[in-house]
């Protein structure tokens, strides 16, 4: 997991059309630059013309080669192989913004995990369309922005949020039970950088009031789904799902309370994988290197 | 569970509009007839005008009062209270028919559980629209009927099946991956006495090819749902559900294979609860006394 | 669960030697006092001379009969039947003390659940042998007492705690990762009123450093166990257990971090059941009415 | 999983002291021999002087290079790097022997999975110290050997089994609830090639009658553990574990019946991983590439 992230630990994500020789080319490159591979996972959808995905964690000698120089050099082998790739330093924390509405269980989980060192991120701000959680957030020393949203002010409100996110150089956004649908403009500003927690086992119970629907249908398990936000409501790439056993005694309100557990767990895992560059999105699905 | 079912063990299921005094009336009745309550569960949806559901297991002195006499006497207290009820002797095995098509994992699970004494039923026959599993079924000493079904012969085929079921005094039917949709006529002949296993976490992926759909959507858990069959496809009362963790490496075919585990488990539990009178159906939902 | 606890909702727990007529006697009693049974569970270990356990939730008319009068009247039918019993009003919150040391995840979980209304208790105080969490606790408006413990001061420290608990009329105590072994004197002062969370799947890895031991053994699941404290270390009646899948990549420290999830969940459930009078202890085991 | 195993798919397992350049050397070797890496996982316990483990699945051109030639060539790069390694062809089925006593659920699970194509092995024989399951096994067309074992005949019985295993060129052995303790001689004849299913969540309830012990202790989950057999009873490297929720209503016999589910699941997974070369044993722990 995270504690004591070494300064010289780097991560490489690669996706491309499958072909022979990619692992060899990449690992030889890293070896030439004194990289020591600590962990690697590689997966092909189909050896005959499918996709190839790879994640490598490696240690490098930053005194000999700067990270910028390494990336530049890698681009030279990546281009002829048509690799899509990204390379990050593990100890450089991503900057995460949290959006929240009235329910605070997901927010508090993330804040607590951040404070206790379980979540390796910076949290420059929390944005909410309600002011309820201002005090709790500020108690953690994190700026809280109350941006009310109405039908009439939605565009301006979103612009205000975007401005704040840019000023704060936010890398990704977590919708921790934020009960507003984001506009296409907002979504495309942060492509696959917005994580939402939906309180059902998608694709069951898309849309509003999933617990009420689950109660109606009489399901024996309730679920939660963390996914990247796209312009199709609750249809983005699924990152993580979890379920909990319930029974006929649960009222709709009981389901809602019980579901908080799995919402927190599924969202936490998704956020952790995102912060550790463990996710590649491909065609509305996720490859998770866990 | 089941081994050594006592001869004098009886079960009572009750459902009615909630009102004070029901438990008192019923338990006092049983006490008067020397009944000893071994286990009881009782549940109200809402004490103010909701529904009341109860299951009681009790031991009786059959030498003093015959079971028929007991039921007759109970009817006298049940009528004024407007109770819907059923009373059974635990050691009287229900008669179960299994319907199967090509996939045999649910069939074999039920047969093995029956043979090993885990499932307390009689299995007078297995019916299939294919002949593939004739030999396996007959090896268990159970008659196998091959009733092919085509669009043209569907009505006759169903009638043939109904005749066989009636001749064999079947109490309930298990669709152990039977890939034919039953007609309304068939369904209403056995109301809430047909259990189906659907290979998804309903209401996600209703209809055909749920594993292919699950693969397309990129879910992180696959599910199975055992439910009573009604005339709305995959919409009947859910009895049991289970899920299994999967990941991006699973092909559609891998999902299908992995799913067999949970199909077997969810169906087995549902059948066991049905055989032990642990289920009350109310308004397209089930109350499970487990 | 809990929201909007009705003022006239009562709970009765009964345990005794099994015999015919108990349900009848109790339910008739309640009926005579205008009680309406909302939920009841009853269980016998063995109809031939075993134990009988029962939990009843019922609504009463407190304007007609006071709760004290009801309990007095019940004693009269309980005595001849040799019933052990307790009766409580659901809306009367139990008073819970939390003990904590350095790790705060269980503490914060309980405080958050209490604040959000998920946990129906009063928390008059938190006691710790360290001062680390003083600020976090006081932010919730709850008094925090720092009582350091050394080998030399253990007896005095415990006495100081006992005095505080009595002054605050504490009903039960939760050891939320409190890393001190309580003396027999302390334990017998609160019999079956102290809940501990042990960070392993008991009886595996009794004692100190269970995660280090789990790492050594190479287990594929880690566990957590909530149990009542007795004088035999980690041997008290188990209330709840949960597990989490891990793999060879987890270091001992990763196991510790991952385990926090299930510690919080198992402890929360145990505390909730205790607060709702859903637990009967019998011969070092628990009957959970859930 | 398995269906349609390609003829030219190979697998390589490597373990060694960690050092830079191993992935590069191995992947470059494979590239030179026209190997296409389909899947690879690699893991280091500690980049500073820890252990390195790797599993690679790759497709090769067997018409250009024979498998024997490939292995010979690989030995030349493996020797200077001090690699421990094994290379197999995926379509070459391992030869598995099953040992069983009276309980047949694990046996029947393995046979059914084998017959339905889920388990990619040959099963040349089943050995039992009882004759109960002769007919069931032979119905699958598999030879059954009844080798009774008493204290007096244990050595001869084991020798008879060893002879049969050698004659049948057995690769590995599954103890599918075989209730005899194997001698050190037997164990060392098949090092880390004997898989046992223990009916508890090890290290809890080592030894005989784990379900009776679990009942005594009042656990809320029961477990099953598949592990390699060593000379320390129930202390060998754990391959897989699973658990099932139970409650106070379960008798010791109920626990035994319920446990069969998870015994079958944990054992099946362990066997599948073993057959697919997904396991490396290191210092009494397993690395599972799944």
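Each chain gets a letter, A, B, C and D, in the order it is written, and its residues are counted from 1.
Note that a residue touches a chain if its C-beta (ideal position, glycine included) is under 8 Å from a C-beta of that chain, and two chains touch if they have at least 3 such contacts.
By chain, UniProt protein names: A, B, C, D = Formyltetrahydrofolate deformylase.
As the structure is a prediction and not an experimental result, all values here were calculated from the model.
Novice: Please identify each chain that touches subunit A as well as subunit D.
Specialist: Touching subunit A and subunit D alike, sorted by label: B, C.
Novice: For subunit B superposed on subunit C via Cα atoms, how large is the rotation, as a multiple of 5°?
Specialist: So the copies are related by a turn of 180 degrees.
Novice: Work out the mean Cα position per chain and let me know which chain is farthest from subunit A.
Specialist: B
Novice: Report the inter-chain centroid distance for subunit B and subunit D in whole angstrom, where each centroid is the mean of the CA atoms.
Specialist: So the centre of subunit B lies 37 Å away from the centre of subunit D.
Novice: Can you work out the whole-Å distance between the CA centroids of subunit C and subunit D?
Specialist: The separation of the two C-alpha centroids amounts to 42 Å.
Novice: On subunit A, where are the residues touching two or more other chains?
Specialist: 39, 43, 249
Novice: Chain contact topology under the given definition, line, ring, star, complete or other?
Specialist: Looks like everything touches everything, fully connected.
Novice: Along subunit A, where are the residues that touch subunit C in the complex?
Specialist: Interface residues on subunit A, with respect to subunit C: 1, 3, 39, 104-105, 108, 112, 116, 118, 139, 249, 253-254, 257-258, 260-261, 265.
Novice: Contact residues on subunit C for subunit B in the complex?
Specialist: So the residues of subunit C in touch with subunit B come to 18-24, 27-28, 30-31, 34-44, 47, 59.
Novice: Could you please specify the touching residues of subunit B with respect to subunit A in the complex?
Specialist: Touching subunit A from subunit B are residues 43, 201-205, 217-221, 223, 237-243, 247-249, 284-288, 290.
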